[in-house]
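Look for subunit A in each of the two complexes below; its partner is subunit B in the first and subunit C in the second.
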Partner chain A sequence: MVRSRDSHARTTPEWRVGRRRRRAVAGVVSILGLLAALLVGGASAQAAPAEGSAGEEKVLTIAVSQEVDSLSPFLAVRLITTSLGRLMYDFLTNYDPKTGESIPALAEKWETSEDGLTWTYTIRETNWSDGQPVTAEDARWTFDTMMKDEAAATANGNFVENFESVTAPDPRTLVIKLKAPQATMLALDVPILPKHKWENAGDFAKFNNDKEFPVVGNGPWILSEHDVNNSITLVPNKDFWRGAPKFDKLVFRYITDPDAQVEALKAGEVSFVSGLTPAQARSLEGADNITVNKAKGKRFQAITLNPGAKLQDGTEFGDGNKALKDPVVREALVRTIDREAIYKTAYGGFGEANGGYIPSRYSDYHWEPSDAEAVGFDVAKANEILDAAGYAKGADGIRAKDGLKLSFRFNVHANNPQYIQAAEMMREWAKEAGMELKVLPVSEVGALLDAGTYDILTTGWSVNPDPDYILGINRCSGLPAKVGGPYLSDAYYCNPEYDKLYAAQLAELDRAKRAEIVKQMQEILYKDNIFVVWGYADQLEAFRSDVIGSMTPQPDPGGNFNGQDGYWSWWSATPAGEESNEDSGGTTGNTGLVVGVGAAALAALGGAFLVARRRGGATADDRE
Partner chain B sequence: MTTNTSSGSARTSPRQLTWARRRRAVATFWREYRRNRAGLFGLAVLSLFVLSALLVPWVVGEEALSVTRPPGEPLQPPSGEFLLGTDRSGRSVLDLVLWGSRVSLTVGFAATFISIAVGGLIGILAGHFHGWLSAALLRVTDWFLVMPTLVLAVALAAVLGRSLSTIIIAIGVTAWPTTARLVRAQTLAVEARPYIERARALGGGHWHVMSRHVLPNVMPIVLAQTTLMVAGAILTESTVAFLGLGDPTVPSWGSTIQAARDTGAVSSGMWWYILPPGIAIALVALAFTLCGRAIEGVLNPRLRSR
Partner chain C sequence: MADIVPTSAVPHLEEVRDQPSGMPGARLERERDREAVRRTAAYVGQRLLGAAVSLLAVIFTSFFLFRIVPGDPVRVMTHGRPVTIEQKEALAREFGLDKPVFEQFATYLLGVLRFDFGESFQYHRPVLSMVGERLGPTVLLVGASLVVSALLGFWLGLQGAWRHGSTSDRVHTGVALTLWSVPSFWLGLILIVIFGSGLGWFPTSGMKTPGVEGFEAVLDVAHHMVLPLVTLVAVVYAQYLMVMRSSLLDEMGSDYLVTARAKGLRDSDVKRRHAVPNALLPTMTLVFINVGFVLFGAVLVETVFSWPGLGKLFYEGLSVPDLPLVQGLFVIFSATVILMNLISDLLYPIVDPRVRP
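So, the complex of A and B:
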């Protein structure tokens, strides 16, 4: 169950994702070393040989830093491995990069019964990379295993929760029966696995799919080599039904330091870099043969205000500041947040200040407050409503009422520089309204959340084209059943009205009507001021235009290349000079990275550190 | 008047004698110290930093640290208005470095004080007493001697939260064993001298011997050790802050470098963001080391002659 939290890298909350690599290794390095790096970096920036264009073999090299958790799609939850899953295996459906709607993939067509409870998919006639045919039985086995084996449900279990049964009456037909109607039946982001290779794999909790290379698959790329923490190599699937990829090789190369990644791009050692900082993006914009892609954010940045942590049965626990239960205090706090300034300064102008829960890139589901509805930046108003509510300033300038001081612990992800910077700003604004925010950087907030020992914390979720998952986390039924029990979200939000609408949108098969309900839900969420979204930072990535001629962003245009909900970018990437009659020519993209994983050096400390962290979690935030 | 003075000097009290001797000793010390040019340079640099640390609240003012009302635009290169450019929030890097000196020096001195106090006490005790007490103290010292500062700092930050005091404690707790070892060795040497034996024979107790004879004799070595240790403590503070274990709202040199790195200053060529705090760290550490060496040279004639 804790595992349900990281169900999807696509929707992974930042607090579950590993520590940022750099911190680890980096730190130990001396400062002088750093200075040396600066000089060397400056020097090497000049050289820029184009890799791939010279030899006969066209290689697409992508700089990555996140470690592999598992190559088994049953277990993989990180961005790098879920993305690999999309390249290695076909899914029943894909999202059209232009419209975001579900289009045929492994399922070439489908139909649903009147009551929406029975779905019948027709499986495309293709082969696995070892020559065996892909059949409905493979799909049935994949879903069925996830339903029956808890270990196999680790990563994508939520998709099959509502499944009654899965059958394959013939090799081309897959039938799924549901317990209740489900709007996400065309958004089942589950890699379909080759049964003949997997059924004897043994314990799925331990099988990492890394014994036999190349790994048998049916996606556009075949994983041929995995040199742990060094490189991951894929070769094209020449028989891929949508067409073979155009590069001869796709290599994910490990470069853990973000600055080193950028230098490698400048030097032509890699062709694609993601997760750029605003400053890096700006400096690359002027570089020769490099294209910077600023994609609209797929992820929202937010804070959650602890409204009183409680269990499903209503039992309250934790030690959150009770003042936050007062909607007036919450509104006042939100009024001290200048979202525009956060995106202008901390995100260097690469982002959109917006209070809507679903990012604006998903225009059909996105909702945002009108000017009249907006709880915008207005310190005077914050002071006014707090005065009216009887929160008087004390000698230290901090407001209090009935002994409740408006002094809040603000737990910020230490591995996210933008969060830290925004937190510093919020601290100053709140002070002007007589509220104190104690900025406490933490390496992860999971323990604080489980114990309910926080007042305010930062969060960020990456949102799928289908909003079901991200809406689902805030249901009352998502609250933990016992203290320390599994908790999906990070806001302790519970509003019966919201829950009612959630059920309605899940059962609504008409896209437009469903979107209306989804918007109402966001409005409710916004007005409660518990889950406070700042906006959506752009995903900044850059690639060498002398190696990659064109590739498809998602959404097209304006979307990202790295971490797509699909294989569009790497499948469509065309070597420079060969893009003559390509159908899609997105030239800009981005990356939003669920940032990776702990660094090698800290890995050593890691164990002890995490243990200490977890154990120390409760005390840590009581401290100033 | 004349009588008074003459009679005063004629019947000089032991206290006055002592002070006169001390004054002479300081004068001699200074004369010797002055000969060491590097030591003088270190002292000058150090005075400069200490002075700026003391005066910065009046010269620059705290409003220069505001991230919501910064004086400039973020990440501007050096200009007439901002001699060292601006940071990611639009604050002057020069102001940050000046404010940072407060943090770095505070941590350096506080951590050193802890480690010197603990190390000195344990060193004298372990040197003075023999038997099980000495053995026990030495074993504890050995244990702390092998404890890596960085790992302890990381663990403490996890338990106590990220703050300056955590860093001070972490450095103080790990840095004292070297002092303790040093002081113990010196204590053994001092106690072997004949006049200690005489003091004992005249009825001097443990306390008397330790406080009146041993302590004054180990002080010089402790002083030299202090100056050398401050440099180490400042470097450690910067490292820890650079690892992101410091308090991000406090502008120390280490946290400024870390912020610069997070911003991607290295690959974006923003030298003005990352170099000044780095150079400040190097300068202060160098200054302390030079002073420490010079003091060592004065106190140890064998070093001086070389």
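So, the complex of A and C:
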């Protein structure tokens, strides 16, 4: 290296060094020029959208991370698309945001026969967005297709499982006959589709409802544009029977990265973000023009203890620690869980510690143990019952009986930092009671569940306004029929008493009486200590208060805006008052700032370069 | 004076020497030509065969690789949704997952032979049309970053080697290596925080502003592309800089440069005409390797900036796993790399006579 530099220096006349220098200067200047062009281009492009959009147009932009799987309600299973279905199509019924009860929507009213097997709905007189009338035939066709075509049943087939027949004797009357009474007939979360647009769609396994825009619908919003992987745009349905939405446009924008979503909110590119982490929520709490919403969680967090994986016929499989078959061991383990501490520490205080299976936001169906019933945090009690049951501590401090060591594999979803932190806390507490938890983060618990090769694992489920489904997964019939076959829950739970109550609640049409049964079921589940709920983390959302003046949460008050079981939030959202106008005018001012800062940056860069050049020149001369 | 051969006569002399002198010489020449053609054909054939074997291996691996990945598509897609066991079984049937693995493999193979990678589980659409949709954004972003970083790296590497040891050389090398070791998603986020939400110069993410059309849309895309482009260039240009710099340094000690200078050529000509073309060879290989990876894109950068490209699609497909989608993408990505290597293998002898067969 040194030699070659010297030889190079010797062979380079002084004037050529100068020439080289000039060329380098030219190069750097051209780079600076490019930068300047970028800056100016950036500034002008930034100004463009503000000028491009009509001055008074009020746009509500929501950040979403999920992509559209399918715009066909027969196929759509993701939250983003099922939520879009709520906006695009009216359902027979909706849920009252205040009480959670089913209220009229497309069905104005309904009647039930004495035996509970025949339901007659009166369809509201409205039009599709293409002007055709909405009739009972549309509803009949939608349900009937789901019953007869396996592809059309992909997403919502469960709702028609118990249907005997669906008929439309006249344009306003829909009659559904059931095989057995079911209480969920006012919770049919199925978008009703326009038959005239859909009956010739072809193979429903391949039809994604994405060829013709705007998509004909009858909900509060009409989907007018889908720019794949970029944005989804909806315009108000001016004739919506409950009243037209107040924003001029509703735009869902893809922003994959959660931190980038927060930055986009701060920059004002979007007006609403959801799914915030506790840290993100806290960082946004002080920000200007941003309101953080801590909604009562729709989802419970839990662990399931493996009581011995078994098939529907009772055949056992897997290698779960047999000690967990002993109710005493399960109770002792649950006694070591400090739910309050989990929500305080792992969830940063954004959540509610509660052992009830149905989240507290569903006040009618929610059950929680009284102080006397609670299997609460009590390590001394855990030690006491384990001692009494004959589980003695070994030399390593871990209890055992008949060769069964109380050492458990604890599989935790590796992509969930809260679960991992809570699991680490549980490990410490369990140790105090002579039990060992080996915390094993895994990317996917499914394979372990299939094979029954786990002891404890973390889980979480979203609960709908109607509790039927979430209760149903823990039936004995939800177990797999063969190893590796499909199953519903992730707990290998089977209790005939629970199953009996499940059937009773489904057949009970009186809401209050049904709620009583649902509560009993939760009590049984709680006492079995197999499906152990920690509580409900808050759903953290934030929005720009300079864009959105008000909107209806679900439940109201205390609920969430995004992912509602209904269209309340985006339908009711009202643009903020005068402030928003001033703000949109501010973009121009911002452009000036950008140009100014850009110029300053250029000057600084140029200066730095000159200094570096001079210094570089001096050292080169010194060397020579 | 008359003895001195004018420089212009030198080629002429060589011509004379190479001139066939009678029939035996001509036959020898033809023989040599035929030999060269044979060797070239063998070389090309070997490369083609190699590429075909690699491609076949990729097609086989792709099928089994993603079946080893833990995860049951039916369970992942239905988790947390009110579905009956019948619905789950119907879904498995629709995906063909109820059939024996051997049969699934046969279906897959027959499909690949017809360029049909099947239909995505999640999106109910043909994999190829989804790839087509996202090819543009990825090629635009990663292609632009390749060009910019290669040019920037060449230029800085050239300057650095020619004036190695100088302050600007040390600064450029230091900066490039520092950026090279920065994780791209982290740098991307920092840029978003500073230039996106902080100063508001650039959009924080995405490729377009909804509702912008016409020529403004072109500006809009360019505007959205600045931050992801800067991120990609910043983390990769160092490799071009370092390769260019070191290969030029290697050349700078060479005798032929001394000769060139001794002939009285100007320094810039020595650099441009003699040193740089030779130093470019290793860098060219690097460019071809990277062109092969253009489609694979930059999964992390696309994710951080929500750039609607193939990288993001692959990432989403893996989490299910959406078997037809990830299989198809894997084959397409690998095929591009294989093709680019093939092209580079075939071009190299043309550019560099020393490696001619």
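Methods note: the second predicted complex is superposed on the first by the 523 of 624 C-alpha atoms of A that agree within 3 Å, B and C clash if a C-alpha of one lies under 4 Å from a C-alpha of the other, contacts with A are read in each partner's own complex, and residues count from 1 in each chain.
We adopt the following convention: contacts are C-beta pairs under 8 Å (C-beta built on N, C-alpha and C of every residue); 3 or more make two chains touch, one makes a residue touch a chain.
Not measured: the values here are computed from a predicted model.
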Quiz item: So, A:102: does it touch subunit B (first), subunit C (second), both, or neither?
Solution: neither
Quiz item: Does subunit B (first) or subunit C (second) touch A:259, or do both, or does neither?
Solution: both
Quiz item: Given the touch rule stated above, what does A:487 touch, subunit B (first), subunit C (second), both, or neither?
Solution: second
Exercise. Report for A:142: first if it touches subunit B alone, second if subunit C alone, otherwise both or neither.
Key: neither
Quiz item: Counting only touches as set out at the top, which of subunit B and subunit C does A:231 meet: first, second, both, neither?
Solution: second
Practice problem: State whether A:414 touches subunit B only (first), subunit C only (second), both chains, or neither. | Solution: first
Quiz item: Is the number of subunit A residues in contact higher for subunit B or for subunit C?
Solution: C
Quiz item: Can A:94 be said to touch subunit B (first), subunit C (second), both, or neither?
Solution: neither
Quiz item: Thinking of the overlay built on chain A, is A:474 touched by subunit B (first), by subunit C (second), by both, or by neither?
Solution: neither
Quiz prompt | Residues on subunit A lying within both footprints (that of subunit B and that of subunit C) | solution = 23, 27, 38, 41-42, 45, 259-260, 263, 266, 443, 612-613, 615-616, 619-620
Exercise. Quick one: which bits of subunit A touch subunit C in the complex? Just the residue numbers, please.
Key: 1, 3-5, 7-8, 11-13, 16, 19-20, 23-24, 27, 38-39, 41-46, 48-49, 52-53, 61, 67, 69-70, 72, 75, 77, 150-151, 153-155, 157-158, 161, 205-206, 208, 225, 227-231, 233, 249, 251, 253-257, 259-260, 263-264, 266-267, 269, 443-444, 446-447, 450, 461-462, 464, 468-469, 472, 478, 481, 486-488, 590, 593-594, 597-598, 612-613, 615-616, 619-620
Quiz item: If you look only at subunit A, which of its residues touch subunit B in the complex?
Solution: 22-23, 26-28, 30-32, 34-35, 37-38, 41-42, 45, 258-260, 262-263, 266, 276-280, 282-283, 338, 341, 345-346, 348, 412, 414-415, 417, 420-421, 423-425, 427-429, 439-441, 443, 605, 608-609, 612-613, 615-616, 619-621, 623-624
Self-check item: Touching residues (chain side subunit B, partner subunit A) in the complex
Solution: 66-69, 74-75, 88-90, 150-151, 154-155, 158-163, 238-239, 242-244, 247-249, 257, 259, 261-271, 274-275, 278, 281-282
Quiz item: What does subunit C use to touch subunit A in their complex?
Solution: 70-72, 74-78, 80-94, 119, 122-125, 133-134, 137, 155, 159, 162-168, 171, 185, 189, 192-193, 196-197, 199-213, 216, 219-220, 222-223, 226, 249, 252-253, 258, 261, 266-268, 303-306, 308, 312, 316
